[in-house]
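Okay, so chain A shows up in both of these, paired with chain B first and chain C after.
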Partner chain A sequence: MPRLLIAASIMAALAGPTLAAQADPPDPLASVMWDALRPELFGSAPITFDDRVTVTAPANAEDATAVPVLADASALGRVEEMVLISDLNPFPVVLRYHPVAAKPVVGTRIRVQQATPVRAAARTPDGVWHIGGRLVDAAGGGCTAPPVTYAARDWADHVGEVQARAWPPSGDDKTARVRFRVRHPMDNGLIAGIPAYFIETLSLRDSNGTDLARIDVLEPVSENPVFTLDVTPAAASRALTLVGRDTQGGEIAATIPLPWTQGALP
Partner chain B sequence: MKRLFRTCLLASAMAVGLGLSTAAGAAEGPSNDDLLNDAKSTGDVLTYGMGLQAQRFSPLDKLTPETIKGLVPVWSFSFGGEKQRGQEAQPIIHDGTIYVTGSYSRLYAVDAKTGHKKWQYDHRLPEGIMPCCDVVNRGAAIYKDKVYFATLDARLVALNKDTGKVVWSKKIADYQAGFSATAAPLIVDGKIITGNSGGEFGVVGMVEARDAETGELVWTRPTVEGNMGTLNGKDSTMTGKLNASWPGDLYKTGGGATWLGGTYDPETKTLFFGTGNPAPWNSHLRPGDNLYTSSTLAIDPANGEIKWHYQTTPHDGWDFDGVNEFVSFDLKKDGQVIKAGAKADRNGFFYVLDRTNGKLLNASPFVTKITWAKEIDLKTGRPVYNDDNRPGAPEAAEKGKSVFAAPAFLGAKNWMPMAYSPATELFYVPANEWGMDIWNEPITYKKGAAYLGAGFTIKPLYNDYIGALRAIDPKTGKIVWEYKNPAPLWGGVLTTAGNLVFTGTPEGALKAFDAKTGKEVWHFNTGSGVVGSPVTWEQDGEQYVAVVSGWGGAVPLWGGDVAKLVKDINQGGSLWVFKLPKA
Partner chain C sequence: MRLGAMRALLSFLLILVAAPGWAAGPLIYGLKPTQIAPDTYVFEGTREHFTRANGGNILNPGFIVTGDGVIVIQSGPSRRFGEEMRAAIRTVTDKPIRKVFIGNLHPDYWLGNQAFADVPIAALPGTIEGIKAEGKGMTENMYRLVGDWMRGTEPVVPTEAVYGSTVVYGSHRLRLIPLEGHTAADLAIYDETTRVLFAGGVVFSDRTPTTPHADIAKWLKELDELEPLDVAVLVPNHGRVRRDKTAIAQTRDWLTWLDRILRERAEAGADMADALNLPIPDRFQSLGVLHEEYQRSVAHLWPRIERAALPRVN
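Coming up: the complex of A and B.
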């Protein structure tokens, strides 16, 4: 018995990062990709499947090129980073979200290539990734269908244009919901003859220029992407700014006015 | 255990040391001094023109007319995709990596020894681009940690040279008004200097300097009289004098595109930019010299002021677009060394100028037939026109009097750069022998529409050849030797201290000639037409040669009768690398 224990610990030491994987709880969604994604995305960091992280998405995607997804980890309290994952996509990582002064809640629309688990992982300050998700059934091809954008010959004139709205801060934590859409074809490079061309980074900033939230956008986010965030601007803020850029150096810049509320002025 | 530990420490120390040195060398990239020294350094090719003066001369001499039979292909790299159009690029070589551009605004970084791709950048082009003369690109520029290239939608893109990630992307001009950009950028004293394309769409030619680090505009210099230049965001000086050589408002759409980029002479600290044809082609609509179209401009790189100009075709009526590169060289004549420069113009004359003041020293024909001018008057520096060879005014008719003129509008020499060898003291000029029927038609300017006001068709002059690679003695203007090629020559020239001259042919060959005699000493068929510019460098003690292959460019699009001759050439898109292996 003691000998066995020693052997096990040596093996574990040799195996290094897989130790954590071996100790992992089983994937509740039983995804065939999980064993590969787990070390790729989280290395040896501890993970736990946690019902407090919710993913709201349709059980069956009506349009595989724009599946609405809302990931919410606010039940965990403070979250440093969130990752949205679509296991069976050619590019499984959808986005990384950094809620600097924001709730760990992010909503967007994504492309899915086939029926797949869609998950959100949220890293709390103790370094643990809390993972929740659900299955989304879908007809195939969401990632390899050409964008509708190109039906308009003047699409290039409108790339980077932003439509946005902010709602008044509410609740105890005075978060303001912000929703914005950026016009962009978001080409993921999988369609023959159309090079990869997508938004890479977006930052929502307070009026003094500090980041409220940052999104690292990746290939599976839908064309003309829409994002919903809950941010906490300073009490005196009258407007937020959205800045970002795409993979070809195209710049995104917009001002989003905050609605005036009674008593908000200091 | 202890020994093992020590060995490990040593190994990791070494690894750290190595890691640091390679990382620093790779991250820094070439400095301004490296660019200035490019013509002399043999281990790299850092500038378009193989030196800022663009002599395209390499001091390497391992390859000679005798040893070249040992030159063999090492690898070939495909540009991929369905986008096999004209490949007119010159590769850049730095630190064992080749940076090469392809058609449709693509840029590749490839390991020079193995051909392994490091990264690729495909620029996403909008639908409405309007390149006049194929979707080509002529090459990248490198400076410090970035590589740069211009795109068909008239943008300048800076990428990290190690990752291919875009650092910045700046709009040079409005592609919807007809602007595009195909030339390799030029980098001088930390400024990235570019021209523009779009002379057939009534745009105004422009030379622009940006901060290479940030892409912010430093100065702009329009090439057409009456337009205002800028410096640090404020108006600087007007180019020339308003309406001095242009009637009415025509200067606002006057052409003069600087679509081939420029060269730089560090000795006189001067940029040289050739300017394109005036718009519209119908010269009767714009009486006057139409300065500074079809000219060479000498520009101060610090502020964009014009030091001098020399107009090769005043009041151009034949599309003798004067963009051809101006190559600085030391003219050794009558025991003197003159700071000279030479230009083989589209109009058929080979000009030698004093590059300190733009004064004409000599002008001689480098093609067999020139109909539009009898000669260039060496006293006045102006052409002596054959007035009846100017296409007639259309007046109220649908079409003016048609004339047969030579050279054709595609030029006695088009974009393809010549080379100068200080060893043989000869220029090697890729010329074409053709003429055209040309007539004028009524025209009005409309944004984004072709602004020609002319009709034309190109015809070969001879049955057996169109292209001619000619060795020209700049002291006398005499042709020392020539190589005749059935199809028009459309690729750049390279010469070496090993007494060799390289150029490509649309028939698919990369060829080498004895620089003194013109004897063909080597050729290799690349599988598609060669219309790019070859380069050579040394790596691990072996001399390498690289060239892109892929038929295209203006000839199949605009070549009239000539297009028939080349219609069966297959397209391609690849980079070929050769070397002379160590014995």
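Coming up: the complex of A and C.
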């Protein structure tokens, strides 16, 4: 990923703006990285800056190792994929979200290395990426602060522990909110002597095993990551499963009960 | 033509050099002591957050002129602040500085310590440990927040540990009250002679409380401990100096609301980012730095509240 990014930056610098970039609207956040990120992330696909994609985050990051970010593209209707981006991080891509049977809404906490635009891009079925975002000011250093996990001697015994809860379906779209936290140091490989070791994939599945939502997790996601999703389980589902894997092949597996369906037990 | 351009450039440079408080002008806090009780003075700061305009002057440090020398309470956010404080104390009394007390580990309480390096600087053991562990990082962050006002400021760890006791300087009996909640070690100082309470960070007055090291349940107990004191003047470290104890009730009201609303939202399934923009009741709208401090408090308090709201499932 970083090598690709560097290559893309060099190519962009040498070749000047690509054809697609020429047709692009100007970046409302005026980021110095945007001309490099745009072809790296979206190739020649069309993009548009769209206020219907919102990013809720603090204006100032009080804790640069855990900045809350909630991306919401539900105003667009059907969305096939979302990308969360922090332009000025050493690794700009935070995660990719696939809302299979879910609202295009994803919340988590991220590390930021300096003040940066934080964006969400949402791809609609017509192939257009709709992009919204905001600036987050920060003292920085979040990506190179050692995880506090290692302060506990027995940290390895707790990796992969999951805390989670689902709330009854609500709202017009009848989606159920699911929140979960996974114990994991999420080493991003930027700290001397600590190799990269982080959760790469997470899938939230219905009781019949079909995916409701998938997340490709990348380096900026905070230690002991927390996620907020709004999913649509089948009416008869009594529990969801969370499955995942980290970069060293460690498995994550948990069952999240849907308490409001307990009364429907046969 | 050429000469004209030179002249224009020269006059521009002269303006740069001469304009006070602008461009090359010196940064001055302009501290003025206000007498609030016999022998007792406060430097009243703004009710703002740290900015490059206020240079970190957001606190109410004070001093007591006793028959046994001057007792200083908090040394300010920067070396310059401490030096200006010391010079301003000289305009009130020739007596030597006897001791400096530091209320907690937050940077605006003690980063003026360099100006008092020749006298004992006293703090609770927990405050000294906190400054040793976090002082360097906090100092760096202050440079980022207020900029050139910090020039020359280095962290100086307090030199003397104090505990709960009553100490006598001249005719003033000072009760040192060790507390815990706003931070892990909060020192309130009650002058039994004048009934002035230097509450430190435990009480905020018309200024939103700060929570980076707070334990709300313990903080509410701190307020219970200060409530019964017979107070003539209450000096909060942040906000308005008052001749009553309404600031104690106000601080309690804010902390209670804050803790309850965050727990309610976590129980209802809110994401941390959802919590950033919750409506704040009208009665708090007059508090200084309301929205910024509220969002900072979400960052400080939410993760622990969230952990309690999410049961273990594997």
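As a convention for this text, the second predicted complex is superposed on the first by the 243 of 266 C-alpha atoms of A that agree within 3 Å, B and C clash if a C-alpha of one lies under 4 Å from a C-alpha of the other, contacts with A are read in each partner's own complex, and residues count from 1 in each chain.
In this section, contacts are C-beta pairs under 8 Å (C-beta built on N, C-alpha and C of every residue); 3 or more make two chains touch, one makes a residue touch a chain.
Note that the coordinates shown come from a computational prediction; the quantities given were computed from them, not determined experimentally.
Chemist: Check chain A with both chain B and chain C modelled on it and let me know: fit or clash.
Modeler: Once chain A is superposed (C-alpha atoms), there is room for both chain B and chain C without a clash.
Chemist: Quick check for you: in the superposed arrangement, does A:Pro58 touch first (chain B), second (chain C), both or neither?
Modeler: So A:Pro58 only meets chain C here.
Chemist: If we overlay the two complexes on their shared chain A, which of chain B and chain C does A:Glu161 touch? Say first, second, both or neither.
Modeler: The second partner, chain C, only.
Chemist: Let me test your reading of the model: by the given contact rule, A:Ala196 touches which partner, first (chain B), second (chain C), both or neither?
Modeler: first
Chemist: A:Gly250 contacts which: chain B (first), chain C (second), both, neither?
Modeler: first
Chemist: Between chain C and chain B, which one touches more residues of chain A when both complexes sit on the common chain A?
Modeler: After superposing on chain A, more of chain A is contacted by C.
Chemist: How far apart, in whole Å, are the nearest Cα atoms of chain B and chain C in the superposition?
Modeler: 19
Chemist: Which residues form the common part of the chain A surface touched by chain B and by chain C?
Modeler: Chain A residues touching both partners: none found.
Chemist: Contact residues on chain B for chain A in the complex?
Modeler: Interface residues on the chain B side: 81-83, 122-124, 126-128, 153, 157-158, 166-169.
Chemist: What residues of chain C sit close enough to touch chain A in their complex?
Modeler: 141, 144, 212, 268-269, 271-277, 292, 295-296, 298-300, 302-303, 306-307, 309-314
Chemist: Would you pull the chain A residues touching chain C in the complex into a rising list?
Modeler: Going by the criterion above, the answer is residues 56-63, 66, 68-70, 107, 109, 139, 160-165, 167, 177, 179-181, 226, 228, 253-257.
Chemist: Given the complex with chain B, which residues does chain A contribute to the contact?
Modeler: 150, 153-157, 185, 187, 192-197, 247-250
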